[in-house]
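Going by the order they are written in, the chains are A, B and C; count residues from 1 in each one.
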Amino acid sequence: MKPCLVFQSDFTYKEGAVAAMYGVVKLVDPSLEILDLTHEIPQYDIWSASFRLHQVLPFWPKGTIFVSVVDPGVGTARKACVALTQSGHLIVSPDNGALTHIAQFIGLKEVREISPEHRFNSPYKTSVFNGRDIFGYVGALLASGQLKLEQVGPLYGDFKALEIPDPKCEEHKLKGILEIQDPNFGNVWTNIPIRYAHDLDFKVKDKIHCEIFHKGQLKLKQSCIYGATFGEVDLYQPILYCNELECLALALNQDNYAQTYNVGQGPDWTIVLSQESYV
Amino acid sequence: MKPCLVFQSDFTYKEGAVAAMYGVVKLVDPSLEILDLTHEIPQYDIWSASFRLHQVLPFWPKGTIFVSVVDPGVGTARKACVALTQSGHLIVSPDNGALTHIAQFIGLKEVREISPEHRFNSPYKTSVFNGRDIFGYVGALLASGQLKLEQVGPLYGDFKALEIPDPKCEEHKLKGILEIQDPNFGNVWTNIPIRYAHDLDFKVKDKIHCEIFHKGQLKLKQSCIYGATFGEVDLYQPILYCNELECLALALNQDNYAQTYNVGQGPDWTIVLSQESYV
Amino acid sequence: MKPCLVFQSDFTYKEGAVAAMYGVVKLVDPSLEILDLTHEIPQYDIWSASFRLHQVLPFWPKGTIFVSVVDPGVGTARKACVALTQSGHLIVSPDNGALTHIAQFIGLKEVREISPEHRFNSPYKTSVFNGRDIFGYVGALLASGQLKLEQVGPLYGDFKALEIPDPKCEEHKLKGILEIQDPNFGNVWTNIPIRYAHDLDFKVKDKIHCEIFHKGQLKLKQSCIYGATFGEVDLYQPILYCNELECLALALNQDNYAQTYNVGQGPDWTIVLSQESYV
């Protein structure tokens, strides 16, 4: 069975760009199966693109080919690449930082620059739609077996990686960043692994003191319950919990934490957690 | 041919939750086909989840497996279940009221609680993503034939059902609720069957007097034309028509009824209809 | 291999209409593959429906069947039709103008009216959901081979076409319309072919004088750089570029042109372009 193609972009489904990419896949090989990761990455947001690959890739079969097209620099000198992960998945993407989380948390075996000859012979030529003319096309060639990984183009090492500050487990204190939000429910995910909470002996029902900073400035100070699931606190109350990637996260039970407290995401947003008894 | 999996949730496609569920399906069996019912159920809205299953299930082949994950109580004591409908479809869902409409309008042959051993051995453990770790996984096991219905877990009878007030056909009067809205076009669907309108001899072009109440308080009184299709009234004019489930519904021709008149949905919103000649 | 079905509508995924259509397809033939063009055509917007078919159809294999359901006149006298394009694709749609761009840019070999007998025997009857009961159903019958094109119904010639003003290349001046927007990124696409820019010898880095009119009234006058890709201008600066259909288009680098300058789309919005040196 041929591997799946799983697409992500910031194109939305409001116009025809996604369907143009998918048509090209079917032109290459009508038997290929296409699935959506998401086409609602915030516009030009490479950080989110990188994180979403990390969030879902471990749950797909080896050999699955991810095509990620968040590409504010489309047509410029940034490379187009195919990466093979340590886990045996492929990622086809502009090399603009979208490999950051996968490289850090799963590891890359190799990265190749896509050679110019692997370009779809489109009836309409443009420099602004590599998703259709390069990324989706190369993904389809790979999935169909018409192109082998080693034929993609030259290996290289210096792919672009964004900086992710390391979380820290200090005496009575956990430190990290607000790595990403769930833009639907408004939960806020930190990059602090749950094992750090175990190291500090956080227990279900503990009161945790939480401070959130933006560029070093205190934005929010609150106490919240540490629990396993939202229903352990009253409606609309804050909870610190273990998210689906085994990191600490903040939520309001059936309400929107990020909107309510007006907090953002990314390395500029930092968080410090400690048991109330140690504050 | 293996049955399809049809998913619904309140996750949206804004982040990776849907794709994580779908990856797990492909890990179970890459040959399974996945389709979306919707991932835009209003957040935590079990009533809408229940109604949408009712709206679409009769149009799918017997054996189709619906996975519905609107689950505000994820990880709490509410059961995880698989229901077999009288029509021969399967529904995998939290047992929180999501079976209400299907139980009432189609009927359930049996409901089984999902045993704890049917849980995906996820690389990351959490209590807040049963869609990935239980519902999608069990749906995939069933679709692939790796799990038989009778192996899911114990039968039980007292599944949770929300209350749906019965519509009434009285002398010259039809009474019902504003059961659901079309959140896109803004049409408002009642639970009054079209045959009641026939019983009262409503005829195309009849003027119908319509009163809408919220918790017993009159919110809107209007006259509208009874017709078969929107084009029978002028642009932006109200029409009472037979919707796709053979119930009476209200619309403005090419405009949004629900927004224009600021009406909601659910058992608290009631409606009384009668021919103008009887008012 | 059976051809794909590619659907577009203005239904969104907010409720069950799309899934009801797709269920009917699977009832006809469970082996059929369904893909989305988009379900986010602006409500009732036949012009956009027509354009989106034009945008994507050339990128799909011959034989692909497009089902387009933007149908404000559902149930009225407008015809339901199947069109065979010169390129060998099929379009199933209400005949309400949705064939305009395909007829003009690709050409139609034949158009047939769908005979009343090709209607899904739905468990619920209605006049307001031809997407489920006619268009999706007939698309599935055609894709599965159960219905041949010549069995669809009678040929006819006078299908409905909207008017598209021709672009013009005059001495030192290009004239056209703002044909469509990218509702996601806010780029504005004209109907002026890139070859007209070549005819006037526009060169990369040229300053182009741009005037936009609504119903003949000047709405915007600006100078922008002609370039191949967004990165050639500074962030948030305007650029005139060759879009994915080889027409001239306007964008702000990583910003929203249409919103920033408050311009619309369609034949009422006209544009005049000339090199600054000729103004």
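To be clear about the criterion, contacts are C-beta pairs under 8 Å (C-beta built on N, C-alpha and C of every residue); 3 or more make two chains touch, one makes a residue touch a chain.
These figures come from a predicted structure and were not determined experimentally.
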item	value
C-alpha-based rotation, chain A on chain C, 0 to 180 degrees, nearest 5	120
Copies chain C and chain B - interface residue numbers shared by over half, same or different	different
Chain centre separation (chain B, chain C; CA means) in Å	32
Numbers and ranges of chain C residues touching at least 2 other chains	none
Chain A residues touching chain C - in the complex, by the definition given at the top	10-20, 22-24, 26-27, 30-31, 34, 43-44, 72-76, 122-129, 132
Parts of chain A lying in touch with chain B, wherever the complex brings them together	1, 4, 6, 35-40, 52, 55-61, 64, 180, 182-185, 228-232, 241-246, 254
